[in-house]
Amino acid sequence: MSKVGIVLISHSSKIAEGIYELIRQVIQDVPIELAGGTEDNEIGTSIDKIMKAIQKADQGQGVLLFYDIGSAKMNAEMAIEMTESIQAKLIESPLVEGAYMAAVESGMGKKLQDIYDSVKEEFHCENS
Amino acid sequence: MSKVGIVLISHSSKIAEGIYELIRQVIQDVPIELAGGTEDNEIGTSIDKIMKAIQKADQGQGVLLFYDIGSAKMNAEMAIEMTESIQAKLIESPLVEGAYMAAVESGMGKKLQDIYDSVKEEFHCENS
Amino acid sequence: MELTIEDTIKWMQLTNDKIQKNKEHLTALDQVIGDSDHGINMARGFQEVMKKLDAATYETVSDVMKDVAMTLMSKVGGAAGPLYGTAFLKLSMSLKDSQKVDESSFAKALEEAVQGIIMRGKANAGEKTMLDVWIPVQDYFSANNVKADELETIAKTAMEQTKELKATKGRASYFKDKSIGHIDPGSASSYYLFTSLAEVIE
Amino acid sequence: MELTIEDTIKWMQLTNDKIQKNKEHLTALDQVIGDSDHGINMARGFQEVMKKLDAATYETVSDVMKDVAMTLMSKVGGAAGPLYGTAFLKLSMSLKDSQKVDESSFAKALEEAVQGIIMRGKANAGEKTMLDVWIPVQDYFSANNVKADELETIAKTAMEQTKELKATKGRASYFKDKSIGHIDPGSASSYYLFTSLAEVIE
């Protein structure tokens, strides 16, 4: 059965890799794609990496995007606009904590909007 | 001038290292110590690593501890109890986002409680 | 019942044997509703406990338990580390002034251990955690003339009943309703601990 | 003023020259209230823009700007990438149907570019961002018969005035009151952009 994909956007490729490890210890069958660092793997984000990650993470059930700070959000929004054929949703939640929770829920076969709502409900954050 | 220290507790040593990179790009003079992974650098946390990190991060201004999920919190609390001579405070906030903000504030010379309050105010999270 | 220093060491030895033998089983339980490391965590922790106990000599049961506590705390990792660590630390503290550990002092110590686990993990009865074994065992110690076979049955039944519970604390809580139908790994390791105790006081 | 394809390429060329020359200055500005990468980001982005423009041939100003947009978007990184990228994309889209780019069509396009930056970054005037240069420049284009020297002065003054502002968006906002007293890096790079435009329309 196809699952909702997760895209991890971080200024640091290590952060994205670490979250991947953390999730994979628990959940194996959910597509998780990383968009950490710039094209040269410096600190920053890359629209191209995010777009590719969205495309790879989509199994037809859509993709949830998690990001760390500030400008990653803008790059994520642009990438979503440029991959309009895919149902991709950016979520404001703690990066590590939210992505972990979403992966477990996706593993249980939940739908994109339900996972989105669960994560939002769990982390009532004004900002993140 | 001595600064408030930051301890990054994560189940994954890569996550802690990545946050360190992210912060160091912006702030150089704040003590940041990592407690990522178990003693064998597997996924998990280690009380001993956390205790050592608290001790190294303290410059006399106290230490703020950030953690990722669940059981890291218990290990952090025990470590704090076991290093009672140091003013160490665990904070419930998004790990990456909160630690970044705290480091900037510590870099500006703010005191432990003020940084704690700022981060809590920024991230009105029920849970994290 | 009376628990001597030798009994206590034997208790840990038997627990270690069971945990090493059932390492994969504990891991399998943790795989369904967790991160597949409870067997690894507990096996590593108790192996270190045995190393520690073998290398030292003790004057009191309390001191044995203190070493158990410190070792579990720093070697188990995961949630089980601080929880078992706290439990044994509380046992050790409670038994500090007991010349000999009899049933009533042990029952009292067990009560404090349970309070320690609750304080540390902020869970309570019915949340599908090790407490769902510790609490019934503690109740039994408080109310009864302890018999080995009864202790064994109570611990086993309690462990099995965690199957029907929904996890609301720890890693398993992420699975919500899907956590129902599986035995809690921490309750299984706690069962090994108390069935070993039953063997010792037999 | 009229902006031809050659003018547009020249504009980018002059901008690139200034950014390469002032790479360290931009980075130094970003060091005080940011993450020290604005010079690196912009230099990398505009170098790629020049590579792209040198290798292609164009039929319209709009097409040149579209390539500028796509390149900045994917090569600059950081906040400046999507922001400059969006700005040039809006310029390109607004000028799509203009046979020749005159002052009024450019003024209109600039207005849409500013709207694009606002939409993308959710900032507004006075938040110590590149908008604090883009908005006064756009106002000047809307209201006046554009003169090169006036354009230069307006962009420069606007950039300098960001010094007094407190950042409430982007990385610099973490510094709160301490962000006051320093020129905003994105405003400095925007100044290079508009002073190059002034040279082109001279």
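Each chain carries a letter (A, B, C and D) given by its place in the written order, and its residues are counted from 1.
Simple rule for what comes next: a residue touches a chain if its C-beta (ideal position, glycine included) is under 8 Å from a C-beta of that chain, and two chains touch if they have at least 3 such contacts.
Nothing here was measured: the structure is a model prediction, and the numbers come from that model.
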**Item:** Chain at maximum distance from chain A, centres defined as averaged CA atoms
**Value:** C
**Message:** I'd like the Å distance between the centres of chain C and chain D, where a centre is the mean of that chain's Cα atoms.
**Reply:** 64
**Fill in**
Chain centres from averaged Cα atoms put chain A and chain C apart, in whole Å, by 38
**Message:** As a quick test, compute the distance in whole Å between the mean CA positions of chain B and chain C.
**Reply:** 30
**Request:** Provide the list of chain C residues touching at least two other chains, using ranges where the numbers run on.
**Result:** 35, 37, 171
**Message:** Going by the contact rule already set, what residues in chain A reach two or more other chains?
**Reply:** 25, 43, 69, 100
**Asked** In graph terms, nodes being chains and edges touches, is this line, ring, star, complete or other?
**Response** other
**Item:** Chains grouped in pairs wherever the two touch, ordered by label
**Value:** A-B, A-C, A-D, B-C, B-D
**Request:** Would you tell me which residues of chain D are touching chain B in their complex?
**Result:** 34-37, 171, 174-176, 178
**Item:** Of chain B, residues touching chain D in the complex
**Value:** 25-26, 100-101, 104-105, 108
**Request:** Please name which positions on chain B make contact with chain C in the complex.
**Result:** 38-39, 42-48, 69-71, 74-75, 77-78
**Prompt:** In their complex, what parts of chain A are in touch with chain B?
**Reply:** 10-19, 21-22, 25, 36, 43, 68-69, 93-97, 100, 122-128
**Request:** Please name which positions on chain D make contact with chain A in the complex.
**Result:** 35, 37, 41, 73-75, 77-79, 81-83, 85-86, 120-121, 170-171
